[in-house]
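Shared between the two complexes below is subunit A, which has subunit B as its partner in the first and subunit C in the second.
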Partner chain A sequence: MRTGLNRTFAAVLVVSAVLIGCALGLIFLVAPEEKVMGAVQKIFYFHAWGVWWTWEAKLTTTLILWLLLAGCLLARRYAATPEQGARIGAVLGIVAALDVPIVYKAVDWWRGQHPIVFGPGKTNPLAPGMSEAFGVSMLAVLTLYLVLLIARIRLSSLEERIAELEDASGRFR
Partner chain B sequence: MSAERPAPPGFVRAAALVARKDLAVEGRTRESMAASLLFALIVLVVFAFAFDLDFVRRTGVSKIVPGMLWVTLAFSAIVGFNRSFATERARDALTGLAIAPVDRGAVLCGKAFANLTLLVLLEAAVIPLTGIFFDVDMVTAAPPLAAVVLLHSAGLAQLGTIFGAVVSRLGRGEAFLATLLLPAATPLFLSAVHCTATVFEGSPLAGDAKWLLITAGLDVLYFLVAWLLADAILEDA
Partner chain C sequence: MKSYAFLFWGYLVVWIGLVGYLASLGRRMTALARRIERLENRREA
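Then we have the complex of A and B:
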């Protein structure tokens, strides 16, 4: 099972690297330049709003989601046993997930600085070239997430293995 | 033999029994009420120092007081939610509840109902006090305000019960309960502050129908989540 995990990790890592390469290529070579801000807009988001932080609806609800998930991680650490940590972490994760639709709807409910892009009666607003860059970037970030997730699973299983070995060596000492 | 053993109570009856037990304990000790009420009073006084009455009047009551009121209620409610499970930790009473032959969802719902009752009692004391401290006419605002407060408190009590159980399972105190509950309850607080401001302005609540509808939906959602997750929360580790 461990070698299977290692193989999956290597495969996803390669796919992710290729997709990130494609995404960068599409972003810098294919996607059109923003009319007002020019090429800088492709790498510079701060520049678009002119502030580091603002209490905008989508930012705020996302921050809340992060806080909830941080609480989740804390709960796992506080648990008496890994099993309890896993269960309670799962419970908190489910409650935190209730915030996700709120983040999505935030732009509709409280009009902020994020444009409403998707909705009834809206046609695809992305320029040709931009659509492809967007789709591939989305996939690249998703596979990067998978890479990180599998790396974390591998780390956890190694930690478990060390704990097992320590247990065993303690028993026979 | 088995014919003499009474059948275990159903969902509603089990929940009612748990709620009655909690309220009976609170009725005798008055520990939770005393602690949360005193804490609420202190928070209100701190707010009175932070924003003096002149400033509140100049800025507009409906702009500041709803936020203050709900921060006060949230903080003092956390004290109460924590107590609700602290009493169960003594002599491991929660394990007794968890192994009772009833739906564990009923146990959580019973506790949530008891917490809601205590929260409403707390609000019945805190809201008039806020009115007096910050010169808000609570008498004319009373009927719509009661509806707003009850609707939002139901969700808050349900969430507070879920997180109170989780935190007591982890053996952690009030600080961690606040860390979990405050961000999770943000949608409720946003709506509560908005609707309370509408009431203080004297505008009809019908304009906030969308907010009230979302909150009612959240109340139902939190109830379902508590019911579905009760086994995972109360199961003995």
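Then we have the complex of A and C:
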């Protein structure tokens, strides 16, 4: 089991690194430059807003999502007992998952400053070169998520094994 | 045009942070695997 997980981890890590490299190449070499912000738009886009922060529906619902996820991590780490932390974390995780479609639909439900890129009547919203960069970037982020997930599973199983061994050695000392 | 070059440094910091985090996870996994090996050897001895 441990060897199988190690091999999966190594394979996903390599795939993730290759996809991240491809995504960066497509972003910086293939995708077109934005008119106002130039090359820097490829890493941070905000000129449509004109400000760094505004209480707009999509931004606000995203902030709520971040706070919920931060709360989830804090609950897991600082709750009085691990069981209590797991329960509070699970509730916050479910609420955060419910917030995700709200973030996505925020631009349709509450018309703010955010441009509608995907949606009805937008058959091909991305410029040539952008679709490839977008698709490969999505895959790269997905595989990076898998890398982190497998690493956490592996760490947890190792910690459990250590606890078992220490418990056993304590019993027979 | 206003310069946003500082954002590239921020971007670099994010990448360095990610690589550092992955390296720390790898180091932790190796350390735990070694500890398990020691505990298993001690149990067998």
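Just so we're on the same page, the second predicted complex is superposed on the first by the 133 of 173 C-alpha atoms of A that agree within 3 Å, B and C clash if a C-alpha of one lies under 4 Å from a C-alpha of the other, contacts with A are read in each partner's own complex, and residues count from 1 in each chain.
What we mean here is this: contacts are C-beta pairs under 8 Å (C-beta built on N, C-alpha and C of every residue); 3 or more make two chains touch, one makes a residue touch a chain.
Remember, it's a predicted structure, so these values are computed and weren't measured experimentally.
> Mind working out whether A:A10 is in touch with subunit B, subunit C, both or neither, as first, second, both or neither?
After superposition on chain A, A:A10 lies in contact with neither partner.
> Contacts for A:V40 in the overlay, against subunit B (first) and subunit C (second): which applies, first, second, both or neither?
In the superposition, A:V40 contacts subunit C only.
> Output check: A:D99 vs subunit B and subunit C. Expected answer is one of first, second, both, neither. What do you get?
first
> Please determine whether it is subunit B or subunit C that touches the greater number of subunit A residues.
Touching more of subunit A: B.
> May I ask you to decide whether A:I153 touches subunit B, subunit C, both, or neither, giving the answer as first, second, both or neither?
The answer is neither, since A:I153 touches no partner chain.
> Mind working out whether A:E166 is in touch with subunit B, subunit C, both or neither, as first, second, both or neither?
Second partner only.
> Check the residue A:L73 against both partner chains and state whether it touches subunit B (first), subunit C (second), both, or neither.
The answer is neither, since A:L73 touches no partner chain.
> For subunit A, which residues belong to both interfaces, subunit B and subunit C?
none
> Inside the complex, what are the residues of subunit A that reach subunit B?
61, 64, 67-68, 71, 74-75, 78-81, 83-84, 87-88, 90-92, 94-96, 98-99, 102
> Under the touch definition given earlier, write down the residues of subunit C that touch subunit A in their complex.
Interface residues on the subunit C side: 1, 4-5, 7-8, 10-11, 22, 25-26, 28-29, 32-33, 35-36, 39-40, 42-43.
> Which residues of subunit A touch subunit C in their complex?
Those in contact with subunit C are residues 36-38, 40, 43-44, 147-148, 151, 154-155, 158-159, 161-162, 165-166, 168-169.
> Write out the stretch or stretches of subunit B touching subunit A in their complex.
Within the complex, subunit B touches subunit A at residues 159, 162-163, 166, 169-172, 176, 179-180, 183-184, 186-187, 221, 225, 229, 232-233, 235, 237.
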